[in-house]
């Protein structure tokens, strides 16, 4: 089918390639003239598509997505469909859908997982929106997803796609931290000759076999003992949002929270919390403190 | 090769079946007359094998394993090999090895993962011991492991097998808790139509694809919404031991610990810690308490 | 000074008593006719005070406080002052202040700690607002606070009072949970003859001496071993809000979060997270599950 | 009464001063000639006391204490009493008691809290041992403790003193971390004018009033914003031991564990766990990593 794509960065660009490869007619737009864009403005993008249009947004969450939705609300016609494939928070989806609905424009959110591997292996897609809109863009989703039976779900109404993507990423945080803790324990022990080989052996038959484990072996093959990688990991919004929601739903999330805190902690050079602890130890016990 | 197997329960029995199927000559012993045992005493087991003997112990960790090792120390000859395939703590392995060494008997520990699936899919095996002993029982290990390239590792000297099995299980705890937290969040949200279908979709293309995810979908197909399963999970020793070791190695394990605490907590009907918190709230704020 | 008090429940009623005892002229209003109110409507309350009026709101956070502020915005005159002494979230304070400012009405938020003890011992007060407004109601604050040098702070602009009260309560959560964990460990050990006496002994000379420890001894004297108190503790909003803010500020709060999760967990009869963990153990290991 | 003191460091030296001030006859020994010792060998110490002797050991836990107990076992007479006032793990106490009992020598363990403040304010003392031995050294304990009604407990048999001291320190960890998290949140917010003043105000009327809060204000007065103190805090053994025991008793200790992990984490420059997390993010998402 014919579809517009806004945002031709790493994710959007790869998706365009996969879609074209699957026989779709994609018109791409990006702010950057060097992006290989097909048209040089949103207006031109809209003009290049026929109603009812389908336009997939693949730009950073927050301001860039907000602004794109605002502009499309003005440019599109009733019956057109906007799909947000980025990392928008699901509550924002609900706001965007309401805004577009006032112009008769449809909206879907599609959480997308698979990273740099998606172009060749396909993307796991989690869609939120009406059944009608889901069927409308299904040809596109079927091309983007992996080739097997899984990899695509219509999770629920608008917002559900990014909600379950948020949950997916929260689980991902916990799994990564679990692997990290286990690997660190092997590396710290004198008993284990080669932690990499242990991880490699777990790829069959073990309970922890998983894609993340495969990637860990791959990372260790790229950089033995990970000696060139600093022990600092960034966090994106999803785990944070999930914890916020869990707080309000009364679902305790100790592992997700511990995973997030570990990342936040890794970003702090001189945490104030530990200054206080060190200062208190010094006060009551005369224990020496390190100078800052 | 010819090998003795002590313990013909769920794990030991399945391993015997897989070994026999692979052409090995297995002599089985178990305390229970109804176990399908080949011999009815340890003495008879030893007599049925020729030196240098290889005997695989597959009985519960702790007293049963200790007692079996003690008896084998008396019954076996120098050059024989004892393999502990159970869930013994690695420090106990080191003690067992020392005890047997005084009689010239060799020892290996082989951590075994795969549960009820191992008989058909093969077991992930993590071996600790000397290179010589490892080569000696390699035919047996090759039969027990899955058919692919992975699933078997010689992790290091005596103790290393159970050490990395302990780590494996700690990672398993974290992964399971991460999946549990994520599933609970989908189930608690009104946005998600069918959490089971979301999990199923993640089996391809997603970052969290894993055997545990496959099993979660299977469990949900067996019992929709898990309504017949109580929210209580037991803990076995491994995560606990891993945390103890982490404490002493200075490797913080927040996710492993949170996963263990969640299980311990699920076993408590009326936790004293929370009685204290409730009592304090009542004292300072006059907040009502639930009656015990 | 003359002041109006809206809300004559446990907190508001006690504060009126302390204020009258301190020589202030308090006009009290409450929705309930049985509250001992001085006037029977907000209009009458406003009429009973002279401009520039000071009115202290002591009603539940959320809708009741919102509605009271809305009504006062209509009834009061420019130059009047509204003080929210309840448990409002600081962001709502900022919204309330903005709303009132449009009518020229001043606003302060005063976080209040001390619970049922405040009437006799005084309340710890944390004020947010302008220096001018703080000086204006200082006589009232000086009467409400304890008699020593501490117990009152002008924490910052509007919102700062409830912000630091939120932090206070978060710290309170951590301290209570720490005491609970310690007490539970003494109760679980056969070595400790009488945990209550240990706590009592810590009230002097120890590092953990604190008001909460005093209250714990008091609770244990009321109900030996806390046998009549269920191990379930409710959470109010503050720790939750603090964690939300911490997530966004990048300040890891593992202890505050663990304390909140422990309370949320104590409210769950059959946690879905642990159903998943139990189901997974059953799937891979054939481990029995408890029936729900 | 007459008593021997082994170890005249910061703790032992201050205790001798407090005891002498209280009218006791103390014979002090230390390995170091510059310690102000009264005698220059254990033999001389034993010779300077009359049977039944009471000797208080105040040396580092582990080897120094072990070695001292071993030597005293050879030097003392049946009926003499050894008191370990250090930070020995309670299981070691039980071993020491058994060793001494073979020579008819009595043993007590006395957990001691109060740090550098103990000399003037008194020490919180938690004793383990027989009722008879407790009464025997009670005059010494009464002098060392603070002057009020609290500060001393006979917690149970041998080991109980150090067990409850271990719990005390675990609670201390949680309280310190709770204060640290709260302070960090005030410091990170633009709303709070002066976090130090807020803490100072909490010293009366608030729920969190405590000695640790007093010390925090003192620390902030010594070093505004703690700018000269690094955010790194050491751990001593107690919280670690408490968590180990909690694991085995089935008492979940999320706050104690989180507090310990925070300290361990503060000691790590380049945590392997976070290298793994960063490496995995790079593998699946192409996210940049920091170079180590």
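The letters A, B, C and D name the chains in turn, as written, and every chain counts its residues from 1.
Here is the rule we use: a contact is a pair of C-beta atoms (placed from the backbone, for glycine too) under 8 Å apart; a residue touches a chain by one contact, two chains touch by 3 or more.
These numbers come from a predicted model, not from an experiment.
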Any chain in contact with subunit A as well as subunit B = C, D
Subunit C and subunit B are one sequence twice: same or different residues at the contact, by the over-half rule?
-> same
Looking only at C-beta pairs in contact, point me to the busier pair out of A-C and C-D.
-> C-D
Could you pull out the chain whose C-alpha mean position is farthest off from that of subunit D?
-> A
Report the inter-chain centroid distance for subunit A and subunit C in whole angstrom, where each centroid is the mean of the CA atoms.
-> 38
Intercentroid distance (Cα basis), subunit C paired with subunit B, Å | 47
Chain centre separation in whole Å, for subunit D relative to subunit C (CA means) = 33
Residue numbers in subunit A touching 2 or more other chains?
-> 114-115, 177, 179, 181, 184, 188, 207, 211-212, 250-254, 258, 261-262, 265, 268, 271-273, 284
For the protein chains shown, what form does their contact graph take: line, ring, star, complete or other?
-> complete
Given the complex, residues on subunit C that touch subunit B span 10, 114-117, 176-177, 179-181, 183-184, 187-188, 211-212, 215-216, 218-220, 223, 226-234, 254, 262-263, 265-266, 268-287, 289-292
Quick one: in the complex, what on subunit D touches subunit C?
-> 90, 113-115, 118, 121-126, 128, 145-146, 148-157, 159-160, 163-164, 167-175, 177-179, 181-182, 184-186, 188-189, 191-194, 197-198, 200-213, 242, 245-246, 249-251, 253-256, 258-259, 261-262
Provide the residue numbers of subunit D that touch subunit B in the complex, in ascending order.
-> 207, 240, 243-244, 247-248, 250-254, 257-258, 260-262, 264-265, 267-268, 271-273, 284
